[in-house]
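Shared between the two complexes below is chain A, which has chain B as its partner in the first and chain C in the second.
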Partner chain A sequence: MPWQNSRLSLLGWALFQLAAYSVLALPSLVIIGASLNPASTFSFPPRGLTLAWYVKAMETPAFTDSFLLSVELACLATALSLLTGTPAAYALQRYRLPALQPLHSLLLSPIVIPAIVLGIGLLMFANLIGIGQGLAALLLGHFVLTLPYVVRTLISSFSLFDVVLEEAAQSLRASRPVVWFRVILPNIIPGLLSAAIFAFVTSFGNVALSIFLVSGSAATLPVQMFAAVEHSSDPTLAAVATLVILVTGAIVLCIDRLANLQRLI
Partner chain B sequence: MKRLAWSREVYFAGLLSPAVLSVLLILSLPIAWLVRISLYPQDQSYDLSGWSAVHYIKALTDDLYLESLARTTLYSLIVTLGTAIIGFPLGYAATRGRFRRWKIFFIVLPLTLSLIVNIFGWIMILGQNGLLNSVLLGLHLLDRPRQFLFGVGTILLVLGHTYLPFQILSVMSVVAQIDPMLEEASASLRGNRWVTFRRVIIPLARSGIVAGSTIVFILTMSAFIIPQLIGGASVQMYAVLVFQQMMTVLNWPFGASLSLVLLAVALAFAALFRIAGRTPEEQTGAVAK
Partner chain C sequence: MRDPAPIPQSPAVALSAVSKNYGEVAALELLSLDVPCGELVCLLGPSGCGKTTTLRLIAGFTSPTRGRVFIEGADVTAKPPHLRNIGMVFQHPALFPHLSVFDNVEFGMRNIGVAKPERRKRVDAMLATVRLADLGARYPRELSGGQQQRVALARALVLRPAVLLLDEPFSSLDAQLRIHMREEVRALVHQLNATTVLVTHDQEEALAIADRVVVMNKGRIEQIGAPSDIYDVPQSRFVAGFIGRCNLLPCKSAGAARTVTIEGGHLLSIANDPAGDKGVVAIRPEHLVLANGQSPNNLRVEVLQFTYLGSRTHLHVALQNLKMLIDLPSAEAKGLSIGQPLELSVDPAFVRFLP
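Moving on, here comes the complex of A and B:
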């Protein structure tokens, strides 16, 4: 590294990094700690160990119902994004024309459109066309939100997959569907899986769009947690948040095993 | 032969169109409808009819909203600059240095974790019964608990913390493409490490810093959940005002105007960042593969 001229600056640099990564992880660590602490309000140091808050979380229908809705929504959004995003990423990678650059930017644009603008717009539009708040409106929002991650991940997959293999199959008179199902898709399975997982996690954790689009009777888990954070600091919430942290952490490790995490971002 | 070329184009158009059309429709129709709503003269959410620019005039002349817009822009620039200064060395070290795998895990995890989990963690750290108060009281640095939440500094801290991973990842994606040979070449020409860093690495990584800064700026400009939960009523960030107009006051035309002003400012700054990042990038573009 450029600044490691002396031992002192090397030590300072190491400490800086250690501090930065500790702060990045700190909120999650505090939540995990609080979820295992028997005290009913936050206390430090902890007064013991308990799993009681997890039991209580499992017995709270508001959390279990919203968890199921979040999983359903994330699965549907991921499926839609993969179905439309995979062929689009393939076309953008294989058929490089300057004219396609705006389409590429368009597919990635939901990342840079402020969520509050898209959320309000979708809410107003859902009311206009009569679908109202609820799963359909949520699905539209989460679909465009997850698509950029799918497209970006798969473009990098396709760029690593040699086009010669497809041409060989075509020269052997394989039809296009056969090329897709027998040659292309089996070769990009790691990319497909990591795209799916990324899309799933993005949808599952989203609150900025969902808060506008959930119906009064059924909220997604993050929106339910938003309401709970506003009103109380019950350790049950810490237990729910810990489960979210563990599941997300496990998923991120999975992507890391499937494909080089750094290349995908 | 000609027929073959044509069918290839149709094939690629067919592959692209489902994604392109759905994004086009799902983005443009709601935003077009938002523009229409912002042009109704009424101050409510029902019986809307007619055309008027009255809400834009209010949004752009009323001191409350102008001041909030200026403050929000300033805060966003501070958060952007802060994440760039901290994120650049971290991103560089995470690409080149040791423990890469674990570093990347700790960068990506907060990014994929729901925003609400992060906020909840910060509330437990900074709240009246929180970790920080417990530690400070235990060390007798405070004699009674202090409220660390509900202030501008805290909001900026949590915003910066939440969006820092975007900046780090953006830097990593360009640093990974810089050939280490360039750094060695600079060193062999007796450039010391600081000179190498300033004259070789930063210019080559510029596009990544610009891309990361753009995302962080837009995210901060449009943040409403963090300011609302961490800042309470003390700080009126622009997106919080938009949220209140839409969801509490139910003045849809005015809320829609405010949201479009926010969009315009955010995109204008994104364009500025892009221009600021372009010129030297083109000079060095040939070197950075």
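Moving on, here comes the complex of A and C:
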């Protein structure tokens, strides 16, 4: 019977969706489970419930310091990328000069270059210009890493923004700064927000690049976690990872709310 | 001490020998134009004739390759748009989507530092003038196309610009609304005595709305005049052909004053002396009428085809090898048949020689 067929296919589809989501969510679920497990080694499934590992994570300076460093770094890199990427995206979208095409490709190239290659290159560069490893080198690296996301997102924002609005503003006595602050920026706020969030998440979660650029005394959180997992199976790490999942998840939820995710990817 | 000599009032806009080249292509060539205060001027021409370029030169969105632009007597050639005393309305309303109707209209006054109470007063008055007094709190997306274009007008006019520039402002509206809006705009700019330059490719619109029409072609001005002058006394073949329909018949000077010879040796009395040996005579289709007895300008033609258009009927006729169009009241065209010979005449006052 047709209705049975459609019910069956609906059921099949539901099962397929469940499987797909499970594959995507399972690693996170395992981590969350492990972080709540009272057993003192990394194990799954949990045999009880405790928040002790979260308390321990909060009391471990290596994690709290590196968390603060990561937040600081992600904020700075995001700010720097927005400040430079917004005008760059504007120029690339508005003035389609052939001379700008190579610049366009160059700005987007960090997306396709493996981060590890970028990391080695940046380490050598940082040493060459004498800043060495540390916050300055990290900031430089994360700036390079986040800029393409900002430029890409904002190019699509500007292409949806009618240039006639700028001319209308100019005909209404608006100088260039007024056009920017009262006409252009208010209309690209969704683009700016998603660019900022993309940049923040990209910076906040990065290991491959950061690992070359951190100084011995101060690592970013992902690097700290990477190091920790190598010589301990302490569930504190699972607690930290769960916190990272929560923070990142909250931010992604924001993207979904603030802008149409599909349009930007 | 003597009184200073009275300063003659400067035109609201003056273009002085303005040229604009895009690479090798000349968009405008040595164009000069004065727009006196309070006048509504239409720049009319086919696409690519330079009318929009002219408007954008006045606004300051493009700068001339040569020549100078004056607004109220001051040379503004080097000034950016926001330092020129202009208002502009675009093909699409181009309202700021993030601002309410009130804030859209207020936008310009904030930029020139008008005090808040004064701003409020002027916005309210202007919204009342364009009959949108109750819609100040709405956002542009909540308005109809006609309402949006009225806000765009209000937004420009509230600054009392030296000149209002309209770039095909009715083209995004449907046909009925377009006619309604152009009547409204004409009434509004005359009420406010606002000098206005309107760009259009729609000759009917230009004739209906303008005090003066500037017909442009290939970057040059073909003719400037009142709508009726442009229609009745075209001064070039281009204007005759572009504005309305026109029969252009090759002719030779017949030697006598105000007389030419056309195809088949017919002598025609015309309104002006032919300038040169050869040229064309321009005759509007509605000026060719069925002959009523003997007159100097009788033409014997053969009916080729009819097009019935309600109150009028178009007749395609042949004068030997010359094809002509005649626009007759349908009542007079009744009973005519294809292939029938027809006696036509035309008042010499409506026949003009064009070189």
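Everything below uses one rule, namely that the second predicted complex is superposed on the first by the 241 of 265 C-alpha atoms of A that agree within 3 Å, B and C clash if a C-alpha of one lies under 4 Å from a C-alpha of the other, contacts with A are read in each partner's own complex, and residues count from 1 in each chain.
The rule is simple: contacts are C-beta pairs under 8 Å (C-beta built on N, C-alpha and C of every residue); 3 or more make two chains touch, one makes a residue touch a chain.
Here the structure is a predicted model, which means the values were calculated and not measured.
Of the two partner chains placed around the shared chain by superposition, chain B is the only one that A:L92 touches, whereas chain C remains out of contact. Shared-chain residue A:I211: touches chain B; no touch with chain C. Once chain A of one complex is fitted onto chain A of the other, the partner contacts of A:V244 are limited to chain B, with no touch recorded for chain C. With both complexes superposed, B is the one of chain B and chain C in contact with more chain A residues.
Contacts of A:V183 after superposition on the shared chain: chain C is touched, whereas chain B is not.
Looking at the shared chain after the overlay, A:V201 reaches chain B, while chain C stays out of its contact range. When the two structures are aligned on the shared chain, A:V117 is found in touch with chain B, with no touch to chain C. Residues common to the contacts of chain A with chain B and with chain C across the two structures: none. Against chain C, in their complex, chain A makes its touches with residues 162, 164-165, 167-175, 178, 182-183, 186-187.
Partner chain A is touched in their complex by these residues of chain C: 59-61, 80-82, 86-88, 90, 92, 94-98, 107-108, 111-112, 152, 155-156, 159, 165. Listed in rising order, the residues of chain B touching chain A in the complex are 11-12, 14-16, 18-20, 22-24, 26-27, 29-31, 33-34, 37, 86, 89-90, 92-93, 95-97, 100-101, 103-110, 112-125, 127, 129-131, 134-135, 161, 164-165, 169, 172-173, 176, 192-194, 196-197, 201, 214-215, 218-219, 221-222, 224-225, 229, 239, 242-243, 246-247, 252, 255-256, 259-260, 262-263, 266, 270.
Residues of chain A touching chain B in their complex: 1-5, 13, 16-17, 20-21, 23-31, 34, 41-45, 83-85, 87-88, 90-92, 94-95, 100, 103, 106-107, 109-118, 120-125, 128, 140-141, 143-144, 147, 151, 176, 198, 201-202, 204-208, 211-212, 221-222, 225-226, 229-230, 233, 237-238, 241, 244-245, 248-249, 251-253, 256, 261-262, 265.
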